[in-house]
Amino acid sequence: MAQPQASDGAETGKPPLRIGMVGYAFMGAAHSQGWRTAGRVFDLPLRPEMAVICGRDADAVRAAADRHGWAGTETDWRALVERDDIDLVDICTPGDSHAEIALAALAAGKHVLCEKPLANTVEEAEAMARAAEEATARGQLAMVGFNYRRVPATALARRMVAEGRLGTLRHVRVAYLQDWLVDPEFPLTWRLRREHAGSGSLGDLGAHIVDLAQYLAGERLAGVSALTETFVRERPLPTGPSSGLNAVSAVGTGQVTVDDAALFTGRFASGALASFEATRYATGRKNALRIELNGERGSLAFDLERLNELEYHDGTEPATHGGFRRILVTEPEHPYLEAWWPPGHGLGYEHTFVHQARDLVHAVAEGRVPEPSFADGLQVQRVLAAVEESAEKNSVYTLIAA
Amino acid sequence: MAQPQASDGAETGKPPLRIGMVGYAFMGAAHSQGWRTAGRVFDLPLRPEMAVICGRDADAVRAAADRHGWAGTETDWRALVERDDIDLVDICTPGDSHAEIALAALAAGKHVLCEKPLANTVEEAEAMARAAEEATARGQLAMVGFNYRRVPATALARRMVAEGRLGTLRHVRVAYLQDWLVDPEFPLTWRLRREHAGSGSLGDLGAHIVDLAQYLAGERLAGVSALTETFVRERPLPTGPSSGLNAVSAVGTGQVTVDDAALFTGRFASGALASFEATRYATGRKNALRIELNGERGSLAFDLERLNELEYHDGTEPATHGGFRRILVTEPEHPYLEAWWPPGHGLGYEHTFVHQARDLVHAVAEGRVPEPSFADGLQVQRVLAAVEESAEKNSVYTLIAA
Amino acid sequence: MAQPQASDGAETGKPPLRIGMVGYAFMGAAHSQGWRTAGRVFDLPLRPEMAVICGRDADAVRAAADRHGWAGTETDWRALVERDDIDLVDICTPGDSHAEIALAALAAGKHVLCEKPLANTVEEAEAMARAAEEATARGQLAMVGFNYRRVPATALARRMVAEGRLGTLRHVRVAYLQDWLVDPEFPLTWRLRREHAGSGSLGDLGAHIVDLAQYLAGERLAGVSALTETFVRERPLPTGPSSGLNAVSAVGTGQVTVDDAALFTGRFASGALASFEATRYATGRKNALRIELNGERGSLAFDLERLNELEYHDGTEPATHGGFRRILVTEPEHPYLEAWWPPGHGLGYEHTFVHQARDLVHAVAEGRVPEPSFADGLQVQRVLAAVEESAEKNSVYTLIAA
Amino acid sequence: MAQPQASDGAETGKPPLRIGMVGYAFMGAAHSQGWRTAGRVFDLPLRPEMAVICGRDADAVRAAADRHGWAGTETDWRALVERDDIDLVDICTPGDSHAEIALAALAAGKHVLCEKPLANTVEEAEAMARAAEEATARGQLAMVGFNYRRVPATALARRMVAEGRLGTLRHVRVAYLQDWLVDPEFPLTWRLRREHAGSGSLGDLGAHIVDLAQYLAGERLAGVSALTETFVRERPLPTGPSSGLNAVSAVGTGQVTVDDAALFTGRFASGALASFEATRYATGRKNALRIELNGERGSLAFDLERLNELEYHDGTEPATHGGFRRILVTEPEHPYLEAWWPPGHGLGYEHTFVHQARDLVHAVAEGRVPEPSFADGLQVQRVLAAVEESAEKNSVYTLIAA
């Protein structure tokens, strides 16, 4: 009779990649699911080890460790980044602490995965990108968590654009529509305060779509013209710690100091036009990140609310039989799908974190800079800064700093 | 045995409304179908009589009269507008002749229906609106042909907005996507030359969506910020007369002098945000006029490629059972549907012209100014002018003249 | 100055095809729209002339003539079919009078268009098919009105199947779902009484889908196994004349003597399997005639509620880029579309009657038997009879008489 | 500084539920993901422990243990079921071994989770249901793995039916469409051989839809009428061990001894009608389990290819605003969603196994018979047997044994 034996993968002989994660709210849960699953589904060169989770409240972080399956806990991120038994620091905190933690982690010799947006200001992001570049020379790697690049359908879209299936690009239109602020009684969580979140829908949703649009287009924006708006300027204060999306309101109100919605148009370097909209006031739209690209030879369209699907129009086909087709992105030949289920058995939101973990582990094992890099994150930050500048300057077309 | 008898409706005793139509290309065919059908389906107070069709080429106009069922022909619109046996002049020519014909027709005491855009310049449109207002005092009526207000689904949307189902409006996003210019070998028809068309996708598609957005919102735009682009600046010359959308190319090339695409954002008077896109380069999108409105209490969405449907989200329902519902706008209680087929038996594009004819006949019979009036058409022209001004001034936010 | 002149097409020099139509309810209105429009849109070899409309109530038929544009009226169909100035009799009455009128019209030397189902019994249909065949020898033509063959999307589907794009056929699944009987208080119109309608959803909806399935498959059913059901067996009596779909209920109730729903499976001659469902109890489905065909090389899917679209899956494409594509069937190369609007400008339900008129006029002018012929209508009747027989015999598989 | 500590949940003080799983192909991988995740996302009363995985090939099972995270291995299921350190046996083998393993496991005092279909014959299923019932008296629980009850959208559908939102049920139509056998060169895996799989699409896909239809309807089928077909009767033999869905073909061919497709209609106890189709030949349909229920007050529709959505038509609403709405089943109030991501962040196929694990753990902790029970599995088997009997007897309507 075979003996039960420990099976955290240790027996496989694969070297471990010891993770220390800071933050354990929404993003912490999602990253945990990613780290827990990646090595069970994909054949990875390193064995991700959920070593330490870090948060300020000792009881809460202990509970989070138990819940999510982290071996140890820390209550001070400064202690975490200095630990010898950690290889990679995964930053899942609000944007106002990204720079400080990431810089310290890089200084301490760790690899870093940092949630998006990279930082709350261009200055912070520049410091981070600089530090990441220097760390690269020392063999450390840094990546920013634009997880929507890792939906199989968006990864397929990128591949198809790279194959030339769209030809010369004419239009990119992107919207990220949510509706969780429609109710004016929703409380003033940290996501609605500039000092913590940096900006509102712009940094939260806009950062995603700027990154995704540039990633899929394979080129960068040259300039933007923008409008932003805060529809509800005063909201009830939340009681107790808020996790960003969920909160209970309390006595008293406070000022909303971020944008509720941001609309901008822009030009890509190639001359293609782009339009962007990020809002938390699109009643009935829950997580509708929609992107469409039109090129001289074809078009692609994606909606995050139907994330297993990619729509493709092959413009080179005869008009009689042409049309937007719904590719169900669940075939073994599709990106990331070699390891999952048979065709038609869809994936979900959290799989983007599994794929992110997979890709980062490969990058670390191979010693190459992962994408999106901190430099990519900085460039997105510059686009967001140009959006804010244009919005302040009467929407005037504003070039994006190189 | 009953005797066969003439049945153009003369026997009904209804007074006639004698139409003289100028132009017989795409719009002329569509208006003919509208005039031919309206009185056969709806119970109208007047009997539309397809009296005279007018075009410069005598043979061609004679053939068009036979094809479309017009009783007589004219080859000079000046003669047409002066005829005593004509009550209403229907202008289906390119935009560069709208003002001259409309002013003459109004001066000659006729009612006028004028295709959109009302004119190629604000100045022309102002003169037309002024003349229309003066004519109203004399009992003459003038209407501009924004036919997309008369899709049952858009008319229902308007009714629902007016009922307060959306509450405070937050967002209006509109795109009118076509793809007939993707091929750089498509010839230089009159629609691509500023002297005839006034502008490109802006005046052709943009005029529709500006009117529709304001109509559905029930309010007007305050200002806009715009980008325009001409992707393909030189095209083959067409051979022979071109009808705008169809043409055969010939030796030689010419300059495209209008925009290929126009993107603009804007603010409504109430503070709601709007985004607009008009393009003829959205590969695979044939006639995708899409509009979505988000309000505090609900949302509506429409796509002209599925014109019998209206999507509605009732934001006051519990989240557990809420969702965008597909209203099949074919019920007898829906606008214009009292006279058509049983539920589920859809209508098509041309029915907008039947409904336009119906509404105009009612307005004439009742002596009230029809909507959209020339004043409405002028206001749309002012929006388009502000778009062009903003595009020329580095996208700066530009107020719309009142 | 050109003179107004009569323009019912007489001036074109085309020989007329003089129509006498019996019945003026729902189908009469639809056929009128077809006859009125066909020659205005398509270039026909004959000029359809809306000569005489016939109905029992003199005032009502006079009003219908005025409304729909028929020149004369008759109150006795026997007089109509004998008139010398009529070339074609168009039968739009309930099924119980089809055989008698059609036989008399054929005997009187007329061409005949007969609404579906061809008759209420196989015996009647046999007599009609026999008479039609004999009449063919005399140069008379007869056609049955399965108008759904003439949706551009279904005609395109037929063309694609004939081109071999599906390869060996495996499955045909069809449903025709309506919901107008869900309310048990809906009154007992003629459509719910066996003596008038022959059967219920089976003859009304089932006849359409049996014809369409066989037409698209390009082959006939060999046998069927069926279940039928009458969910609501007693309904209020209607007041006054009922038009089938609309009625006002009155005092007293009566027995529903037809099926409410019919489900059947079957085998095609080739071995492909088929499933059928016809019901008036599918709450929320208004006119959902849905058909899907799966073959070894590809699949097609259609839904009448979105009649401008055809879904096509090309099974020979690599799985990476394959998917069901939405063909917007509005291109000039698509069936019937050469004469209509630019791409993306959709058609509606009534256009099937315009196309039916067009095809019948061509057949008459060319002296060839139109499709679907009375023989085709008889064969559908035999399928329906086999369905009823199977349903009565405990669903046993029942061969269809050849 | 906090110490890293073991965190397989042991520290939580929750009693463990020690799982022994037999089989490690497709279903084994899916169940592993379920066991691994359930306790990390949901707050469970017991701590699932992935104790032992069992398979015949020692090396392969060792590799599977490492990959999927099982602590120990066994190569003989008889040894597994006798182990004292196992509480629950999870059976993921082909159907021909279900009965033997389940009976032994129950006899050995274990709880049992058995993949569907419960068995390959009614006789086996009867023995299993009997044994399960007896074991219940001893405190052991048994459940069959109809995981599609645990898609949040289907669970919501069940809740809505139970709330009376559909009223009297009229129609249930279900199809499970796949296409992996379209290619005649696909090899003869175990799923195509009666001795292993029991039946073909009927037992594999049909079992799912029979269970789901009855579960959602809240009532059982009374009888069925069926057609089955094997389109491709001879296929290449596979090389090496096949996992069912994937295989490499080899020299020689063999007979397909199961059905390729099964169509059946039926009646529910209440009189509602049902239609079923299960096939592996629906080109382009990858995993299209579609179910629609129509009741007097409303309708529901679901498609597994869009598993985060439920379509609902509320028939009590005014027709003017009614329509099928797309409920995005991702709200915290939706079944299973309390523990996952914010609204709009969809789940995937594998989550059904997480939910199955969750529900089973709760049932075990509370000592109540889980659903679907072995008795439920037996009843499904009886429906499948009636389908086969009807298909053999010329489709005659066949009552389902009680």
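Order as written gives the chain letters A, B, C and D; numbering starts at 1 within each chain.
The criterion applied here is as follows: contacts are C-beta pairs under 8 Å (C-beta built on N, C-alpha and C of every residue); 3 or more make two chains touch, one makes a residue touch a chain.
A quick map from chain label to UniProt name: A, B, C, D = Gfo/Idh/MocA family oxidoreductase.
None of these values were measured; they are calculated from a predicted model.
Engineer: Quick check: more C-beta contact pairs at A-D or at A-C?
Structural biologist: A-D
Engineer: Please identify the chain with the largest separation between its CA centroid and the CA centroid of chain C.
Structural biologist: A
Engineer: Among B-D, A-B or B-C, whose interface repeats C-D's (more than half the contact pairs identical)?
Structural biologist: Equivalent chain pair to C-D in B-D, A-B or B-C: A-B.
Engineer: I'd like to verify one number: the distance from the centre of chain A to the centre of chain C, where each centre is the average of its C-alpha atoms, in whole angstrom.
Structural biologist: Here the centre of chain C sits 55 Å away from the centre of chain A.
Engineer: Distance from the CA centroid of chain A to that of chain D, rounded to the nearest Å?
Structural biologist: That gives a centre separation of 34 Å.
Engineer: Multi-chain contacts only, two chains or more: what residues does chain B have there?
Structural biologist: Those would be 285, 313, 322-324, 328, 343.
Engineer: Report the residues of chain C in contact with chain B in the complex, numbered from low to high.
Structural biologist: 1-9, 11-12, 26, 30, 32-33, 36-37, 40-41, 50-52, 58, 65-75, 79, 83, 85, 178, 180, 245, 285-288, 304-308, 328, 330, 341-351
Engineer: Under the stated contact criterion, what part of chain A meets chain B in this complex?
Structural biologist: 166, 170-171, 173, 175, 177, 179, 182, 225-227, 229, 231, 261, 263-267, 271, 273, 275, 277, 279, 281-285, 292, 294-299, 313, 315, 322-324, 390, 394-397
Engineer: Which part of chain D faces chain B closely enough to touch in the complex?
Structural biologist: The contact residues of chain D facing chain B are 156, 160, 312-314, 318-328, 331, 333-334, 343.
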